[in-house]
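Here chain A shows up in two complexes: once beside chain B, once beside chain C.
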Partner chain A sequence: MTAVTVREPRPARNRSRSFLLASRIATMEVRHSAFVWAIPLLAVLFVYDPFQAAAHYPALWNLRASVVPDKFWPVCVPFAAGFSAWAGSREGRRNTDDLVAATARPAWTRQLCSLAGTLAWVLAAFGTGVAVLYVSIARAVTWGGPPVWPIAAGAVSLTAVCAFAFTLGALFPGRFTAPIVAVGISVLTLAVFSRTVSEGGTSVFALSLDGIVPGNDQGVFYPVAPDVSIVQVMFFAGCTLGAIGLLGLSPRTGGAGWRGAIDFASGAGARLRVAATAVFAAGIALAVIGFGLAATARMSPATGGVEVPALHDSASDKALLYTPVCAAASGGFQVCLHPAYKGYLSQSVSSFGPVMAELSGLPGAPVRAVEIPGLAVPSVVQQAFRDGIVIGSPPVYEFSMDGAIAQVPDPAQFRDGFRQDIVHAVVIGPVGQLTASGVLQWNAGTQAQQAVEDGLLRAIGSQPYPACNPYMQPCAQQSQVTAAAARFAALPAATRHAWLAANLAALKAGRITPARIP
Partner chain B sequence: MNGGIGAGRLAWLHLRSRRAPAALAALLACGVALWASLHYHWWLGTGNAADELPMILQGGAAGIIAVTTHSPFGEPERATGRRLPFLRVAMVLVLCGAAIGFFALGASAAYNPQAGVYLFGGILPVVRNVPGMTGIGLICCLATGSLTAWTGPLAFTAIAQFALIANYSWPITWPARPPSDRGGWIAAMIVFAVGLVAFTIRGPRIRQSGE
Partner chain C sequence: MQAGPGVLGLLGPNGAGKTSLLRMLATVLPPSSGQIRLLDRDPRNAAQRREIRRRLGYLPQNLGYYPAFTVVEFIEYFALLKDVPASRVHKAVAVAVERVDLGAKAKARLRTLSGGMLRRVGIAQAIVNDPDLLLLDEPTAGLDPEQRVGFRALLRDLGQAATVVVSTHLVEDVGAACSEVAVLDAGHVVFRGTPAELASRGTGHDVGDAPLERGYSAVLQAARSASRNTCASPNNGGVAA
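Right after this comes the complex of A and B.
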């Protein structure tokens, strides 16, 4: 006798029917998701902070879009985590484990549908917020295009938050799970954010979406490398797969169990176990690779952005081509800006007009003003927190809008910054110099130079040069300087100009005292 | 004597039915998290931003207290006698006190002024914020049921965080106000009193699903 093992014919699976069933469950989960109750609140929070913050930033694509990872994403995280944990803990919380254990479909399918129900609302809320924000930005900016990678990173990271919180909810069901997970993940993101700020967004802290507000020039003169976003997508996609795989494997969540996870020929649930194991392993591998790549993230000296060497395409570091937008101030003084700052051209022209009317024709007075990248501004000027420098022959005022426009633009600060730079350069000279150890030594000028400088600035309605800065000049000497400055400012413009034309060389040489200033 | 034992047993059973021991453990975890956040410098700066993390933890504690009010017995429990309102108010007060105590312990354990490690604003903001946020949770549990009442303190924490960063100074966002600010204290205590009285009288909303 020979024993013959007859394999029973495998029932033909109707894949389309399985898919329909899963999509029907997912639709039910979407309809019953508790997250929908959080959407009005998220909308209020969105308008309250990210939208308003973006509206107050200078109208630049990358700067305004930075509110998506910096402000909108942190708003979404606690709610996504809390409601996902709430959904994940449902079966355990309601003690229906035994009831649903006998269903025809694996627990994994059921749970993934439940996760999809919450995730769909989370991503819909995130996507809607981003769309509203980007439309409002598109209506305000004058140059460039929307950054897409941060949106992808935000969506994938929210997916990871949902998957992780859902798995925690399924593993530890209870009434306290949802608030603890929500608060725990919020604390984690805030703690990582604080380190990200202190580390400048480099090394592993590049994985944090919530980081430093970028400078105005980001993406204006050089393209923003997608390296960090790619690493973030890898890491969070890995975390998502790891959490989903864990959900499918853990017996606590009704999964296939860990035993025999590597054994493809193990008993019941073998196919499920293999699939869950593969998803889990792929997720962990992806997360580890993402983490490892993030550890190499560094600041690029060429573009000022953060780059990941293994992913970085140095060809993308080339400066972006653009045609400057120019306009003439009074007396034909030409001001040229990057087209991204076109909205500030008239404001710039009106800033330069009065100061050039006072100084035009004097030795060392610039003949035009040109915007340059913030990175190209000399270190001494950056350390002094000035906007630019008068350089070359014929002299040109080269300035950066990176520091000239504050995050919440202040027209007076914007106007006075340029005027102070030019007056200081013409009357006194360079802002200062750096020592061998890189410490800034300010060039405050003589008292007479300060008096003329402040008198000129006062005459054109600007704040005096910050000479009372403790690094520059003791404030005790101010009264003498202030009196001379007031006298000089009270002169008619033509008299001032004539006096400067006659005495500027002696003033710069330090041969004039405050008493000799008319 | 028997009356005292009976009352004590009733209180203990009430606390157990509400998972109060687990709530205490969770509140203790919040205190430990505060200690860790101070000790390991998880906060940002020394100004308003330094208050963000303690505020989130206080919101979390309030959420835990709100969730603890869930009754597994539902409607039938309300017909058992006149002591239920007293048990409700006592439990909330005990848990609020415990939360404040755990936060104070965490902050004092981490206290190291030489290293610049201390709770920004001292313990006064904790004493104001925890009851105030708990009041929001209690009001929320009247509307949504206890198990989802954590959403109220969580949402309020998010609003208060923005108020803190943006330097808003409405009394209603009291966690963003200075520790000694009278308006903030009044707003927080009114919300707590309203929530506590309403919860004591009505109890949490009971849903048909049991949640």
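Right after this comes the complex of A and C.
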């Protein structure tokens, strides 16, 4: 048994040299990643869905930025999964197993470099999309700052998708692996995680990046708690480490193998096996903790957001300080909005203007309108899908923008929604009331009240409430209301105002019949 | 079986175990029995196995490659995987490319190369780390006669300092480039000697067109008739290179 030593062994490697070599391999992998071919299609899909969707949302940071996890992330997932699996299966597909197995660098390092090549492109594409989106949002919004946590959660979850798909590709190499993994992971993310906490009660649906659109108050009146994002980062970071650890352990991928089952082909030794085992175990532990925490997620009654009790800092529930922006409508009626809605101030003022010309000076008519958080509007009002209530002395019309901003793409609906709400609040009162048994009952008002309400709305050129409504009178009984409303709308404005000034109290008390309406 | 600096040719029929032996020497396949010691190191030990691999060059029978890589990138990739110091990688790649006469195609993508050129790329990646142990499985398959002549000269040159083990079906390659030859049959070494000694075994044997072919046929025939007449004992021997 003689071994021939031809020359002295080379000097031992050091860590910095090893890192330098690995970084050069990773750079080479970046240059050759097939993901680059997907970028044009990804860009088209990005503009087609997430970007356009954001542009149609109200110009609020939190709402528009929600397209990152809600729409952009699901677009990225199949590409990230497919191309990562493709990269992972490369050695098997290209029949280079023997060639690379005979090299000095451990399989784990080699494969992590390959994964890094695809991951770099995936994160670059994701980051670029987010940057484009955020720049466009920054140019449109009037208040607040960009939410950062959803970006972190998105980046970490895409890393997890890449790592998981790459490992699957390495374990089951084949030309069909990539499409199968892409479809499989997409279905998994869309079907299983595409649920929100509010839909699923309390559950792991808090792990879902997709499908969560924050409440309107979030990030406007109240800060957005990072609880859910932290849980998502924990869970997906755990999944990433688990997949990477598995890659380092599996003899099938040239990894270290479990103790006693070391693959001879592996360049790995005990230290690498210990490292891979530790990474795998840490990943699983982190994912389990994240999963467990997600199961405790709940809707916060204080802020309307989602909180995870173990992570939640109640100090972060304090309402955000702001200075309202105000403008006066005709007749000195003042409208005040949160500065985040400054862009809608003139639209709001012009919506309130004509209706306040009809209502101002009437007993109980508000002297100004103030936007308040949706959560602050009484639940009987909220649940009836109306957002305003007149309270205080002097009377103030308090309303939320929740309903109005849903109508932003349609200026007429936005305008009519404002007018219907305030007329209802002044002429009829709160739109809902709880019965003795605790059931919410729609307060449609009497037929005379409906007729006056509709007449006023018609007089100022707005749509009245729908004639047939499950909450209101049956259609058969609407003819009297319609006729009275038409009469009332046809009156001169001064006559109408004078009649209301004299009869509004009796009308609200239910003592006026449609026949008595002039 | 033991080998030192020089070129050792492995001959044998299909299924004789040449590729399996090379894969074991390349530390890709664990031996089912026996022991292997390479470059004074035990490949069963992870640290020693890694040191062996740093000083190992291997060209498998079926060369896999990455079509999008250029010639230089592919060889550089393997130089990095073989822990060639970063400062020496560029020079090592350039030398390897020139040694296989692919300088004109250095920037060409592998998908554009012919089979013979790909074989030369495979040889270049095997020698890029200036290996002390070079294992070549059918290296001349796909090469044209002129390239084969050039490759034999390269083999002789490499064999000056390194232990080169070449598996081939082409006895003329063995005669021209190998200082030693081993004939394998059914997993056993049935002949070990110089090409001249192998050729001399063919004296009086009429199967084959050249002396080496006749020697090869005679050795195989003798080994097979011996195995028919005796009960073969299990081979628990070892290999050292």
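One rule holds for everything that comes next: the second predicted complex is superposed on the first by the 479 of 518 C-alpha atoms of A that agree within 3 Å, B and C clash if a C-alpha of one lies under 4 Å from a C-alpha of the other, contacts with A are read in each partner's own complex, and residues count from 1 in each chain.
Keep in mind that, in the parts below, a residue touches a chain if its C-beta (ideal position, glycine included) is under 8 Å from a C-beta of that chain, and two chains touch if they have at least 3 such contacts.
The model shown is predicted, which means the values in this text are computed figures rather than measured ones.
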Touched partner set for A:Ala509, first chain B, second chain C, both or neither: neither
Partner with the higher number of touched chain A residues, chain C or chain B: C
Partner chain in contact with A:Leu21 - chain B first, chain C second, else both or neither: second
Which of chain B and chain C A:Phe79 touches, first, second, both or neither: first
First, second, both or neither for A:Gly174, with chain B first and chain C second: first
Which of chain B and chain C A:Ala494 touches, first, second, both or neither: neither
Touched partner set for A:Trp37, first chain B, second chain C, both or neither: first
Contacts of A:Val187 with chain B and chain C, given as first, second, both or neither: first
Chain B versus chain C as contact partner of A:Leu321, first or second or both or neither: neither
A:Ala436 touches, of chain B and chain C: first, second, both or neither? neither
Overlap of chain C and chain B interfaces on chain A (superposed complexes): 94
Residues of chain C defined as touching chain A within the complex: 2-5, 23, 26-30, 35, 37-41, 43-47, 49-51, 53-56, 58, 60, 62-66, 68-69, 73, 76-78, 80-83, 85-86, 89, 125, 132, 161-163, 238, 240-241
In the complex, chain B residues that touch chain A: 19, 22-23, 26, 29-30, 33, 37, 41-44, 52-53, 56-57, 59-60, 63-64, 67-68, 70, 144, 146-148, 150-151, 154-155, 157-159, 162, 165-166, 209-211
In the complex, chain A residues that touch chain C: 1-7, 9-10, 13, 17, 20-21, 24-25, 28, 31-32, 90-91, 94-106, 110, 262, 264-270, 272
Residues of chain A touching chain B in the complex: 34, 37-38, 41, 45, 48-49, 75, 78-79, 82, 86, 93-94, 174-176, 178-180, 182-183, 186-187, 190-191, 193-194, 197
